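Some structures are shown below for you to check.
Two complexes are shown next, each including chain A; its partner changes from chain B in the first to chain C in the second.
Showing the complex of A and B:
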């Protein structure tokens, strides 16, 4: 027996309680797992490059997205005339237009996601925490909105208010929050029975204080994951709406609009489809991989 | 000394290491141990001592990041060197295992019969349906499960915890193994059920000659069942020997300290309350009644469960009232009802002599500063996204909103130091702390508003013995300093005896006995109290072997049935329809301050 000779130790010293526990937060764990996921961390690099290119790229280009180059109509991609992605029927540089379109698509996606997160989290947390009849009424409201055909709803808004980029942001965000609200409500139902919520009630906190101080901060994991998966969905939706002609208006452009225009001339000017299409695919794939990586990183089952 | 052929398991120089992101954890450090045919070996130690890992390693059940070294010999084979296919032939056949939680250890979507047949099919091949069925029924009978034939077609969730553990044992014993490894087999069970399971394991060992390894933290369980004991600490054995020798003449200081730290049901009781007897009660509950509605189905009406059925008590300043009862007795619901955390159906509650009836919500919230609660699970009761400092400061923000940021921070640091933690902990998060440290944080949060009433809901039940002893000392000190009145809820009668001045025994939502602590433990009157007390294992093998247990008929498994509610008054059961409400038994004062619920004579209630 190895330990018998150790002599007299008091139980206080023996208690493992005094052993210092090295701090490692849930966030640290999640970050480590995320970085270990090559597809996800590679996608972050791709996304950062895309965002940088979309935001600062146009400043370094001699062309902008709306001015025609009178010397180069319908130019295929070429390094000689400086139109690396070629030009369209009106002589506008496709690289400048693609970067501009990426910027618009990303802006739509982030604004709409933000709207959906704020509304969805508050709505879901209140419904889940208060429960009872209020919960029933709030969730039936969500169900009714769910039942309305999504695209029809957007088209109706467009018809009533006219084509407007800002309205598009709001409309998409106002519909996307439904799923977020459901996810958050489900999480809240499990959180509200935890002992720390009871401790907060015993300390005398009011309902809203408990929701804002104890429920919402503990929802971060699922909300971050779902938001990351919402972004590509919204980019795709925006592209779809623009393709249908309900999106942004000329001379502004988005990836969806560019692809729609490219599709019309696929036989004669194929580069007008390939470059915006490839950018969209790259953007969506990297966002999806990031969302998947976040989901795995925050999944409690992965925490050993 | 025995020869090696008598040994069913021989562990030599076993090391277990885990690769984790924080580096290598050396969980088992060179352990030697053997089990002889037909004996019962107890392995005790606190959490993290490696006692379970030793035997999980022997069974090849360690997590994927573990590495082992050494020899585990069974029947001439080194189990550590076997292929997994060869190990599968040994596991469940020659060496079987039962686990702590019988609900999660049984597969929920398979019937009891299907799970038992699976074990037999794996090791005995096909022996004909009839023969297999007969063998299963035979074993269910041997573990004293009522109506074994019906059980075969039932699913795990249809059985109570004790019944499930019996099924686990029957399944483990199906192939009559040489060795049964039981990892905390009774920790999740109530004390009376625990006593039955321990008796069952003991009789099976005598009948079949199967050796048992009992891995546990409970010294009383070891004293009841084991021949030899090994005390484990930090991955190594510190002491080994016959139970009598280890319990009565421990050689190692750690064993001595461990034995001293265990609260005993025949140990000392709390000192007399510091309170003035004439002082007004700080907490009064009058006929408190809490009901839960159990929803029905389309053609089945819902049921009403009376979780607390008209309980009255009062708590004087400085006094500790212990509340004991088995799971489902409503003791935690009672605590939440007097704190106004669950709605009361009827009855009155007064805080500091003032009825809380009709208090406005804001007034009620302000009044909460005089009452606090400490929960069972130290980690779950702290918000994981908040620092320790923020959690402790929270009640103060509500109770004294006028306090400045700096003053609040000072109070938090003072309180942290008072509960025995460094002030530097304010910026740490709960998961960075050990269970005992987190429980100290929970206590700091509860006392920072300098309340007059502290409710401890199983506050030390999840802690190791040594940590539990320290937390009990801390609670006693705080009680003296602040003149706290305490409602101490626990299923552990030994702990309740150590801290309480008066004790209230609950059964299915009503009081069966309420008495001064000494009177209750030395002169229990109600049959249920006597059965509970006789079931508590004592960490003393000599006394434990000669002790008679009181076994009562019936169970509390179906709390809505009249038979369960009238378990101690079967004479009143005549003519009562199922589901009909039975009023709680009246309390008689048999001695000053000693109340006992009406019941039939003990002889009528005993198991024949």
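Showing the complex of A and C:
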């Protein structure tokens, strides 16, 4: 163009030559904070190793979790006979059983978290977006459920409908959505008056459409953080139920079931308690650190 | 204050009623009845049993009868331990569960508040870091893992304490179960107390009090303690519920004859009457405990009374 002066051309050239300044997005900041948190980033490594071991580990073991090794009953941990975690009274390899149990516990945690997230997000978003009397009634309902001994209802359900793993998934998910609903409602209240929601309303979208397409996607941050904090609670709840005999049943096994079996023989076959117990603690610790780390990374105000 | 308590009490009635109704009908959805044992009973005997327990009546009639019974304090018969009614079995187990729960509650509150306050006062010092470690352990270690470890160490290896049993309620028999039951709550309470106290200590009114020249002890007693306690008190309601569910495990592991063990056995033996009765009783207990906590809370923080 003819009107461009020489000065601006050189400025343009200088701008082109200098290395582009990369902006720092919210995600970059959060990632940096998360990585700087040694407990949290170390926990990610531990968790990935645990998940890998639980998912692909069994394929590399010569034993599975239910077939007895007739030559090694009650074997203590040893590298000679290949039972690195030892065997139980029925000659089943404890390493295979622990990995299997970890896999079941993780699967329950994953599905139950999903159930609790779906219910909690929909409930909270609807209450927060619609507001008014419906909001009051829905949140009062949550308050009420908070006060009830929920785990007893889960036990009641397991008694009535038999010990079904899928029911267990759903029942634990139904147990843990309350806090999620509260958090989501609070967030929804703060975004319901934003301009883009107003624009969507002006464009003639229906309530449910606005909630699902415009409110829920903007809740992702807090939802992910709180879901991460929910996972360890769900793992603990599942172990608790399985320990009492209301959760995962033979031939499946879970960490809680294994711990219950180990407790009975703690004096004679102590390794049956130590290995599953240590695995559960390791799993819970790493999940807890990751959840805390995510919260601190995305919400620096929370750091005390 | 009395009006507040009354309003809170009345608002729990519909909750209890809904929960009771839901439990009743869920139990009736169960495939099979309580008398479908492994050895099938002759039809005539079964019909007689059903008539005895009113199971042959229409569901609505059974429901009305059951509610009527509950209102009179009659939780119905136990289907497995047929010599005892549900209320009798709960009555037998209740003292043990209450003693265990009350001791654990007291321990958790006393140690939790004390440790949390010290952690806040000596922030970032060695003691505070030790406390943080203990809190973490308390939060992560499940009680069904802590209990056998303590049994192994203190009961079997050191032989200081009995491994289980009530033993007439002597202190030595109670130390381990109470500790296991209280541990997670010690952790939660001290974490809440520490956080709240740090907040209060850095607030303006504490600075003002210090500027006026009030002594450290007097500031803590008169200005810091009450506001720092409010989050702890609001946790105590849910804590009462957690203590009850925790006592399920603790009573089972230590072989204590409380309601928790009755409940677990009833659930494992599919004693529907007993399970339903225990759940209702637990709910009632928790609602009452929550009410007490709310009243204490309203006393500590006058702002909630208006709501």
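Following the convention adopted for this analysis, the second predicted complex is superposed on the first by the 260 of 304 C-alpha atoms of A that agree within 3 Å, B and C clash if a C-alpha of one lies under 4 Å from a C-alpha of the other, contacts with A are read in each partner's own complex, and residues count from 1 in each chain.
The rule is simple: a contact is a pair of C-beta atoms (placed from the backbone, for glycine too) under 8 Å apart; a residue touches a chain by one contact, two chains touch by 3 or more.
Nothing here was measured: the structure is a model prediction, and the numbers come from that model.
Within the superposed three-chain model, A:268 lies out of touch with both chain B and chain C [touch as defined at top].
In the superposed model, A:199 makes contact with chain B only, not with chain C.
By the touch criterion defined above, A:32 reaches chain B but does not reach chain C.
When the shared chain is aligned, chain C comes close enough to touch A:156, but chain B does not. Look at A:59: by the touch rule set out above, it reaches neither chain B nor chain C.
Look at A:214: by the touch rule set out above, it reaches chain B but stays clear of chain C. Shared contact residues on chain A (touching chain B in one structure, chain C in the other): 304. Residues of chain B that touch chain A in their complex: 20-22, 29-30, 32, 46-48, 63, 65, 233-234, 236-240, 251-254, 257-258, 260-261, 336, 339, 341, 361, 365-366, 368-369, 371-373, 375-377, 380-386, 391, 394-395, 398-399, 428-429, 431-437, 442, 445, 464, 466-467, 469-470. Across the complex, chain A is touched by residues 12, 15, 19, 23, 26-27, 29-31, 136, 139-142, 144-145, 147-149, 151-152, 156, 195, 198, 237-238, 241, 244-245, 248-249, 252-253, 263-264, 267-268, 270, 272, 275-276, 278-279, 282-283, 286-287, 290 of chain C. For chain A in complex with chain C, the touching residues are 144, 146-149, 151-153, 155-162, 236, 239-240, 243-246, 256, 259-260, 262-263, 266-267, 270, 273, 277, 280-281, 284-285, 288, 304. Residue ranges of chain A in contact with chain B, taken from their complex: 1-4, 6-12, 14-17, 19, 21-26, 32, 194-196, 198-206, 213-214, 217-218, 220, 304.
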